[in-house]
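Next, two complexes with chain A in common: one pairs it with chain B, the other with chain C.
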Partner chain A sequence: MSSVEDIPPEGSDLALRLLRSRNTMIGGTIVGAVLIVAIFAPWLAPYDPTEVNILDNWRPPGGAHLLGTDELGRDVLSRLVSGARVSMLVALTVLAMTMTIGVAAGMIAGWYRGWRDGLIMRTVDVIFAFPEVIVAILVAAVMGPGTATVIVALSLVWWPGIARLARSLVLQVKTETYVEAALACATPTWRIMLRHLLPNIAAPLMIRASLGVGLIIMAEATLSFLGIGVQEPRPTWGGMIRDGLPHLRSDPHLALSASLALGITMIGFNLLGDGLRDVLDPRARR
Partner chain B sequence: MTALLSLDGVTKRFAAGSDMLGRPTAHLTAVADVSLSVAPGETLGIVGESGSGKSTLGRIMLRLLTASEGQVSFDGRDITGVEGRDLRRLRSEMQMVFQDPYSSLDPRMRVRDIVAEALVNQGMPRRQINDRVAEVLETVGLSPEHGARFPHAFSGGQRQRIGIARALAAKPRLIVCDEAVSALDVSVQAQILTLLRRIQAETGVALVFISHNLGVVRFLCHRIAVLYLGRIVEIGTAEQLFESPQHPYTQALLAAIPEPGAGRGRIEVPGGEIPNPIHPPPGCAFHQRCPRMQPQCRERRPDLAERAAGHHAACHNPGPMGAETDPDRRKDR
Partner chain C sequence: MLNYSLRRLAALGLVWAVAVLVTFFAVRLVPGDPVMMMLGDQSGNAELAARLRADYGLDQPWWTQLLTYLGGIADGSFGLSYRYVGSTVFDVISGGLRITPVLALIALALAVPLGVGLGILAATRAGSWTDTGVILFLVTGISIPGFALASLLVWLFAVKLALLPVAGWGRPDQLVLPILVLVIPPMAVVARLTRTYMLEVLERDFIRTARAKGVRERLVIWRHALGNTLVPLLTSIGIIFGGLLSGAFVVETIFNIPGLGRIAIDSVLARDYPVTMSIVLLFTAIFTLVNLAVDLLYGVVDPRIRLAGDTA
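Moving on, here comes the complex of A and B:
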């Protein structure tokens, strides 16, 4: 039994593998940087992002305004930095809501089966049948455009995917003998779900979440681009792309700077998700 | 002798296939009309091939499955239909050791939490739980320090010890071991069997030991029931069964044990596979493979009849081993 003593404690191994995974490190760095910018936006932005200065408009990049100014003379860099805040706020709120609702619904469906399964999964099918933009327009028609609309609309569209994943994972895990052993120990259902099922399905859900954030940010930009998202004067990346697009020939920096920020952030989240999958999901390894 | 656990005419049917509205179209009878009892401190072996219904039977005993017919009593109380709070209280009296030492331990839980699970569910105070966990880990030959580790740090045999510690933690009066050693190496099997025997001697717990391996059962069990297609074909003390088996199926099982002594041979019976339990053959379920088959075996199912005190066999033509070696009749079939 001495062989047991030689095995290193849990955790150090995982941390090491995370550090060695290039995707995780690059993606994590990008995501971390964007998060820091989002959190400290008011202090990092050189100007007030909503301050209009007509006399100073259409400035090219360089000089006092590092990324130039837009048609109202607002500083593009400051708007970019503040836009990160809105994007991350929306993305993380939507993520938290969809993970909570989706995981709970999926676990209930997978664990109980029967009518609960039928009800939840048919609802999921119905939502899947609608394109997300249509749902967002419906929500906007009811609630009026705004940040809350974006969050509600995207949560409504995104939880079914999480629910499907959680359900299929629960269906796998619940056949494991340790679940039967827990039942034989008189473990109540809620504790089986929290202590046995959830920890064993967490890794694929985390991978899904980090891959999903990139898509949520993109969807938020799309909605803002269409004008049903976050409203002026709050700067968003989608709104900046929308406003800059007519002037792509004359002032490409307006649309391109926001597009680039969006693209890099999405790449960051996707790399992080891929890296986590390599490290956490043993089946996908190699 | 008052029985700790007794089964009376227990039958379990599963739905096999269903129509568009979810109504079952066929039934699979996994356990049919089984009656037996387990005394306090006794070890009962349940032997049979894969598909004989022995695991189902073990789960019915623990109320992990509910019998379709018949009655299960524990300590003189009918527990066939208990639910909710009563069932949960009952769980601490009876425990299970599972076949697969890998999938039966939650990989995300520390060993001490795995072992403590039943105690936590009982609402035992934390300090008492810690003491009890340390105590049972020592009982099964691990040290309390091992409790801080995760299951992946242990070998198959050690994992099975953890599984036994988990079963022991709540001081149950009955433990069902479902193929508890068949996934282990032979040398480790012997250690685990010795451990189980010692635990029984020390705690007086009753064991139901389910196995396909007669050699293993012989080492551990006081009484043995042989299951074929969900029915008991022979039941008696270990000595009766090994020294004077009455049922041709039992005899075939014994003949399949490789010499010398208790080995790891799988049961092999001439005449092919166990019949389809959805469409069981008429008459005696064993008649298609039986070397002593007579015309009536095809038509009428034999009852479990007493052959000696406490020794029952379900056969129209029971008798000692060797009586069947009539080569001509075997050819006719």
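Moving on, here comes the complex of A and C:
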């Protein structure tokens, strides 16, 4: 392997490689489509996803309701479309919380070292020792099932990973000359952190965060499926699969449409993640 | 090595202590009086309320309650259930104890060899149609959540083809779909890792040496390459086990299997906190023990890791 290969790609070269990567393109297209559906859900959904119409229930796909209706006569397509929005909103909230807590904790640990580092990183180790679903069960037991439970449980599980990454990045960056220069100018610590450290560790953190969105959506769907996540009447894919399963014999479109939507979305996120990793990490490329 | 093991054991003790304290105080953080909940429509009966309060030790100061809690963990009864008044937590979960570990072990026993086989198949035919086919299958297997996969499989095998029962527990044919749903995701993870490690190992010098001195290709793959692939694969067993735990929750919910996962979800919805917390403790204990075993085993198999771990 030549040393030239190890140099990270610049601007146009990177864009070209992204375009050439089949995984990135297919995954990116799927994720992009889901994002557009999520953003424009209120305008795309043909009906109100929560509107109950008992006289019109158990409709098979076709006619006025493209994907039929459920046991309360709610339009399945509208619920599917709105479900994408709910999932994405939960995922972005969790992402914002984990990034804020994780980056702050990781930067403090990496910058100060000493007892703060010990305290934060031992906490991280302890949280890592718990299985994810168990943390969710614990939070659900205390807070009761609901959207807030999902957000708290997933944030609790996800910030330690971000904190570890932020800490290791700060440890790399803090010996750079520009940090020394800032210290020599008696720059306040908060200013060094926000103006000198943060911009220089932001890129890998953003990549890590974007790769996490798919996993968060999957975790949210699982909790909603188990009945301890987002609750009725708010539509979620996990909840729709849960409600549709008992009627798989008579009305398979209920569970199957949500399963396919969730499955294809997850394949999209995974392909995009794999593709980005291949393109951005030249050493992993073969 | 001894030093490293002792430090890991101390860390394990810390995690368990945190788990015990968190579960204990979490229950007391929840608003509402458990005795009133147990009484239901008898809530006006002050005498009964006082008796229940005494039976459950809820009239004691918190540190006495903590000692009782620890005693319950030590003797295996795990205290009393709120939902089934008078029953110990052990009585409530004992049925699940005979189901979930069995399911997880069967799934692990199938997923690892099948995944390794698939990974080798793909790696030795890298770039071919077989490889592409396997990769497509793996991406699908890793991506699709268990319950989405389950609804597709149940619809296909139980409804359309009418080959297998939709749900239930007790007969062998009722095991097929749950095990399938439980096996596919970890199998896909193992296969993907095996393929990656295998491709890496196959480019090493000792493989070239083995081939150059005329070792048969089958031996090169199964002896030289696989041996070196299994070592990094070992670390992923912990992650796979964690996946199997959440898989158990999902599969038991879908197929109506009275395992620990189902009992945990039911107890959350019924606010039977002692049962929920005991299952949380059990799963945490198993998960941390598996991870410890994997790490120690890894140190035995690969001395480089042990050295790195000692200086960290």
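Methods note: the second predicted complex is superposed on the first by the 215 of 286 C-alpha atoms of A that agree within 3 Å, B and C clash if a C-alpha of one lies under 4 Å from a C-alpha of the other, contacts with A are read in each partner's own complex, and residues count from 1 in each chain.
By our rule, a contact is a pair of C-beta atoms (placed from the backbone, for glycine too) under 8 Å apart; a residue touches a chain by one contact, two chains touch by 3 or more.
It should be emphasised that the depicted structure is a prediction, and the values quoted were computed from it without experimental measurement.
For A:L89, select first, second, both or neither according to whether it touches chain B, chain C, the two together, or no partner.
neither
Applying the document's definition of touch, where does A:P131 land relative to chain B and chain C: first, second, both, or neither?
Touch partner of A:P131: chain C, not chain B.
Could you tell me if A:L211 is touching chain B, chain C, both of them or neither one (first, second, both, neither)?
In the superposition, A:L211 touches no partner, neither chain B nor chain C.
For A:A104, select first, second, both or neither according to whether it touches chain B, chain C, the two together, or no partner.
It touches nothing on chain B or chain C.
For A:A33, select first, second, both or neither according to whether it touches chain B, chain C, the two together, or no partner.
So A:A33 meets neither chain B nor chain C here.
In the overlaid three-chain picture, which partner chain does A:L66 touch, first (chain B) or second (chain C), both, or neither?
neither
Using the touch definition from the top, say if A:L171 reaches chain B (first), chain C (second), both or neither.
Neither partner.
Using the touch criterion from the header, give the chain among chain B and chain C with more contacted residues in chain A.
Chain A has more residues touched by C than by the other partner.
For A:N200, is the partner it touches chain B (first), chain C (second), both, or none of the two (neither)?
The answer is first: A:N200 touches chain B but not chain C.
If I apply the document's touch criterion, which positions on chain A are contacted by chain B in one structure and by chain C in the other?
none
Of all residues in chain A, which touch chain B in the complex?
1, 3-4, 7, 9-10, 176-178, 180-188, 191, 195-196, 199-200
So in the complex, the part of chain C that touches chain A is made up of which residues?
11, 14-15, 18-19, 22-23, 26-27, 29-30, 139-140, 142-149, 151-152, 154-155, 158-159, 166, 199, 242, 245-246, 249-250, 253-254, 264-265, 268-269, 271, 273, 276-277, 279-280, 283-284, 287-288, 291
Where on chain A does chain C make contact in their complex?
122, 125-126, 129-134, 137-138, 140-142, 145, 218, 221-222, 225-228, 238, 241-242, 244-245, 248-249, 252, 255-256, 258-260, 262-263, 266-267, 269-271, 274, 286
Under the stated contact criterion, what part of chain B meets chain A in this complex?
Against chain A, the touching part of chain B is residues 62, 64, 87-89, 91-92, 95-96, 98-100, 103-109, 117-118, 121-122, 141-143, 146, 149-150, 153-155, 158, 163, 166, 170.
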